[in-house]
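Next come two complexes built around subunit A: one with subunit B, the other with subunit C.
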Partner chain A sequence: MRFLSILEPLTRPLLLLLVTAIDGILKPIQQRIGVNKMGYFFVLPNLLIFGIFVLFPMLLNFYYAMTGGTKLFPADRPFVGLDNFATLFDCENFSQPNSCQEDLFWRGIFNTIQFVIFQVSGIVLFSLITALVLNRNIVARGFFRSVFFYPVLLSPVVVALIWKWILQHEGVLNAILEIFGGESMRWLLDTNWAMFWVVFVSVWALMGFYTLILLAGLQSIPPELYEASSIDGANTWQDFRFVTMPLLMPTMFVVLVLSLIRAVQMFDQIFVLTGGGPGTRTQLMVQYIYTTGFSNQIQLFGLSAAASMVLGVSLLILTLLQLRLGNQSSLA
Partner chain B sequence: MQADRISIGQFLSRRSGGKRVNTADALTYLYLTVGTILMFGPVLWLVASSFKTQAGLVKYPPPLLPYQQVQVDVEGFDKPLPLYTVTGEDGTVSELAQVRRVGIEAQMVDPAEPDAEPIKVNIRQREPVEEVKLAWENYFDPLIELENFDFFTYLKNSVLVTTFATAITLVINSMAAFALSKYRFKGRDAIFVLFISTLMIPITVILVPVFLVITSIGWKNNLWGVIIPGAATPTGIFLLRQYMLTIPDELLDAARIDGASEWHIYWRIILPLARPALAVLAIFSVMWRWNDFLWPLIVLSQNDYFTLQVGLNAFQGELQIQWHYVLAMTVVTLLPITLVFAFLQRFITTGIATTGMK
Partner chain C sequence: MRKILAVLLVLSLLLADVPGMTQNLVELRIRWYNDGNEGEVLRELLDRFEADNPDISVEIDTVDYRGGILGSLPLDLAAGEGPDIARITDWGGLAEHYLDMSPHLSDPDYWNENFEFFLGASRIGDDETSIAGFQDAFTVTGPYVNRTLFEQAGVDVPSDMTDSVSWEEWAEASRAVAEALEIPYPMAMDRSGHRFAGPAISMGAMYFDDMGHPNVMDDGFHAMSELFVGWHLDGTMHPEMWPLSEGYAGANEEFANAELVFYMSGSWQVRQFSDQIGDAFDWQAVPNPCGPGGCTGMPGGTAIVGIASTDHPAEVARVMEYLSSAEVLSEYLARTLFVPAHAGLRASGVEYDTDLQSAQDSLSVFIGQIAKFEQTAADLQSYPYNFHIFNSTRDRLTQAMVGEMTVDEAIERIQDDVDTALAEEG
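Now for the complex of A and B:
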């Protein structure tokens, strides 16, 4: 932050002027309403932006979900009741996306479920192993921690491009495979492999974040407990099973819930990496919301809003589940 | 004494030393090595590839380092000529420069004797002479002459969005956190719960109505449309409020007795004291905004307003991907975040470990 101090002679007088001006306006107000009510003033800017761009849209979303047409402005949109939801849920057989009117939506749901299951287990497994490894007495722990964390900071677009480059047909992965006698593949165009790579890349990009949380959890376990367990003659596995795991459970739970909630909303990385393809193999729910409302020629805002409410409800259920189970686990 | 020693020995052996644990140590370092290659290798590969020429990029299997064919200046020719190693019929090896190629025959000249008659060589007999050379033009071309990729504009937009959004977030979030932690007023707790309850509701759930609001204000294809909607972050409020709760109220009361106004208290006491929390939020906000993709993608549909992420996505989505430029621009896009990380690593890691948020 040192380099910012160069700007100080410039910004300081300006800021001072601004701050004094605000103070001049506020003083009479404060005298009028009293000290405690000044709280309203301080919370106001945030509340205003929050109200206009979060709260109001949340309510408006219900209206959109119940109107049809392709016009954006609410007044131009005919009321259709629950038609949008009926369209989304118009299926002969719910286990077969092909039999649904909005087959893309159902494919999105099935793909999302599949993605979430594999991605979350991958993240929990690998971030736990990595955290356990980093928690040992190793040399250059700070360096290794950074190595595993670094991809977290990269933007989804950058992450996707890095891997698109590696996974392309003339890419380095195929070259390495061929050295070892493997066969080169079009990884991202293969229906079986595309989902694997989409999961792999997002685990690669995100696991460092959860590793860090688990590492903090591990380090908060008092060393005396291990001392005690070793006096009792516990071996490494017993240490892990009866000391580490029970005490790490609350942190594991946080990791599980956070990664679940984020996995359900997955979009940008996959969008750049595969575009949802091959076909619709890696198209998830959020991409359906985006394409239906914004990138298709005919913009079906109502359908998009209805689908986003389905997403919202699933997130709500996950959050409530977290509160429920979180309370239980803290009681236990 | 003896018992003590054993228990300490066992305690240590949980981590290092001792026969059984040596395999564990070996496994640990094996895991770390493989992990380092997997986590860091792809980024290094991106950087190495970004310095290859367009011709170098299509080579398969790809060479590890960026090679380019050596070009030599030969007297009597305007342009530098590519250099080849030529193996003659009799097995002699010489380095010749190629003047032109006709079918499977190349006319070559010895750079040492430019005036001699061109030598005709079958192209199978020649191998290009290569050297490691960085193709900086991948980085500089997009700055000047690329038609569909206006790098400077995107960079400017990204910087504007990131700085303004972060500044606004810091100011309004800290004001709100101050109000919610230090004042008693009616509805305070309700407002706090309202803010926090949206912690788990992402913008993906309300894309359409927020888009309407933005359009009505006239902020479509306007950077404000990207900056403002995400400014009132619940994460920031939560983080700052928790921190400000630890600032003793007596401090504020003392200032009030000295005649300080509430605004003065906010500006002169709360903000300086909350600096560590503000720093964490600032870093988060920079990360969020610099990497933001879906919302800018919706708001910005004209090339002139693209941020780097949106521009990069559009550029890589073209029919013929110009990988040499895409890779170089990807490196440029990840550079600022990498620098921030290198310098402020400690802040970021402790910030995430203590708040559990990103």
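Now for the complex of A and C:
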């Protein structure tokens, strides 16, 4: 503070100079477009960045989805209309991916649905339980908060590699099982276990972040409400049911939306952990988009773009649905 | 004295900025990947080239094979942002991006005489004369065995008893060794449709129909697919490598750690095994197993090609002429322990720079396998769109291994995938 007070005589004229300069630039603009339109002027830089890096790629993706062939540059690609979408949806029986022309796309959809349901439920449930526990006055609370948050700091690739070493046949988990007389298993090779572990690892890696959000939500609930409910004779469950949950709902909703979007976008962690296997058991939609557009020998950018549009639209519908439900519950 | 030094310093800085002094230096970039020590050898060879050619500087951008060569290189080339030179394995697939160096070469006949196989495969359409590069190493797919494990298990190495050992006999012997010594993996094969192709052709797969169109719907391909998928289900083959990987995967580590009895890979591993295993145990390549269609592996190899988007085609050609010269290539092959693709060097032989018996024996075995290639194997390797067949074989058979489809369905899907890809290629 003392240091700052020494600097004050120096900074004040500098600030004044800066403000005058900015004023000199903005004033003529304001005079030209009027005070009411200055808001647009201020959001313009951000809008430009959004336009260049988000809106333009989205439009380009839309264009690619309507073109075919293997050429990269848009001008070299023939227009095929909705053919790519027709290819994706060319199915005799939608519940049987093998009967679809793009069977891997449908496997990706089914795997993604399964993954999202279990992963989002897992994240919401375990983050809530953890946040409730960490919100109590337990021993070494700060330490446990750090422990639960730590995996969030790790790169998804590192997380996947760590768990790969744990789960592989000659890995740590099997070694522990054998010490206790159990039989070693091929955890990632079994089609059912593979999906379980992919969900588990992802919940483990991400729940710290959502726990933190819920913890903040819990701490914003005024303690007076709990005092009042205890005077009314409420037990712990009733506290949770009638005080905590209603007031935590907006935060829960944020957690739900964020975790859902993250789950649908999941790629890197699973790609390193299982490569989408065994077979295509853990191959999600994003991996399908990536392999079709970039990693296969023949790069079908059009088909990949069409699949990404299907994914984007699904995500949009889900988010709108959630927003609607959220609005309804807050109105109720 | 100080003043003189200062003047010299200023002068040197000024001269360094004179356009004429720097504009003559052409910097070329090579996109490269390593199986063994070839990057190191290349650097030394290029250092000598640069010393004799001060107007050219060559930078080697070393990348990993999967991500850098199979993954990003095709995209960079499509975007016109590729390197000047690249080391590749997909000869036909990238052909549209090759630089035709023939106008810049002092002796195009030398290239046609010595690299005929590669040049044939790298020319697409009506092109019959372009010279895009040269094959720096000829590769031969084939199996390695850990002889020490066979000895310890008291099991005879099948190829020591007869020249013609079937795949089933190798599987039985490998299982016997693994069971006797509690070795985790009796057999493994690189996760690659190219590696699978040799055994499939040996079982009678033809890969092409009478019209020359790719076709995998035959008894030979089916027989090897059934055998191969079955071996994954009964634990004969490394059960995790194919089902739990995306793209290419190898079992080098397992073999080097003596956890694997029989490893179907290829000649490019000799240098790596020499360095990694050395004489820690007795390892050796053995002749390709036999079936009703022969005892063939697959030819192949890495090629160094000029890229059409380069701004310096003449300089690229000069570097390539140097690297492909018999003298330089001979040293490169001797030090990297690669099988020569250069016709002259193959005829005269290469004196390999190794005292390791395992390496010398393995190289002799691989060189001996060249005469046993079936015509189908050569045709498949020189087919420009072979990667579609290889990749779909790899991915669809993996799906059959984990029960997502039957072997029959997998083969039908491979055919569909190939047909679709060829239609897209136009």
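Simple rule for what comes next: the second predicted complex is superposed on the first by the 283 of 332 C-alpha atoms of A that agree within 3 Å, B and C clash if a C-alpha of one lies under 4 Å from a C-alpha of the other, contacts with A are read in each partner's own complex, and residues count from 1 in each chain.
As a convention for this text, a residue touches a chain if its C-beta (ideal position, glycine included) is under 8 Å from a C-beta of that chain, and two chains touch if they have at least 3 such contacts.
Because the structure is predicted, anything quoted here is derived from the model rather than measured.
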Thinking of the overlay built on chain A, is A:E170 touched by subunit B (first), by subunit C (second), by both, or by neither? both
A:Q297 contacts which: subunit B (first), subunit C (second), both, neither? second
Counting only touches as set out at the top, which of subunit B and subunit C does A:T274 meet: first, second, both, neither? second
So in the superposed three-chain picture, is A:S99 touching just subunit B, just subunit C, both, or none of them (first/second/both/neither)? neither
Answer with first, second, both or neither: which of subunit B and subunit C does A:V286 touch in the superposed model? first
Output check: A:P45 vs subunit B and subunit C. Expected answer is one of first, second, both, neither. What do you get? first
In the superposed model, does subunit B or subunit C contact more residues of subunit A? B
Contact-wise, after the overlay, does A:L72 reach subunit B, subunit C, both or neither (first, second, both, neither)? both
Pick one for A:E178: touches subunit B only (first), subunit C only (second), both, or neither. first
Go through the superposed model and pick first if A:L188 touches only subunit B, second if only subunit C, both, or neither. second
Which parts of subunit A are in contact with subunit B and also with subunit C? 72-73, 170, 271, 275, 294
Of all residues in subunit C, which touch subunit A in the complex? 70-71, 74-75, 78-79, 90, 93, 184, 239-240, 243-247, 387-388, 391, 398-399, 401-405, 409, 413, 421, 424-426
Under the stated contact criterion, what part of subunit A meets subunit C in this complex? 68-73, 98, 103, 107, 168-170, 186, 188-189, 191, 271, 274-281, 287, 291, 294-300
Going by the contact rule at the top, pick out the subunit A residues touching subunit B in the complex. 1, 19, 22-23, 26-27, 30, 35-43, 45-47, 49-50, 52-58, 60-61, 64, 72-74, 129-130, 133, 136-138, 144-158, 161-166, 170-172, 175, 178-179, 204, 208-209, 212-213, 215-216, 226-227, 230-231, 236, 239, 254, 258, 261, 265, 267-268, 271-272, 275, 286, 289-290, 293-294, 301, 304-305, 308-309, 311-312, 315-316, 318-319
Contact set on subunit B toward subunit A in their complex: 7, 10-11, 14-16, 20-21, 24-25, 28-29, 31-32, 35-36, 38-40, 42-43, 45-46, 49, 58, 60-62, 171-173, 175-176, 178-180, 182-185, 188, 191, 194-195, 198, 200-202, 204-213, 215-216, 228-232, 237, 256, 261-264, 266-267, 279, 287, 290-291, 293-294, 297-298, 309, 312-313, 316-317, 323, 326-327, 330, 333-334, 337-338, 340-341, 345, 348-349, 352-354, 356, 358
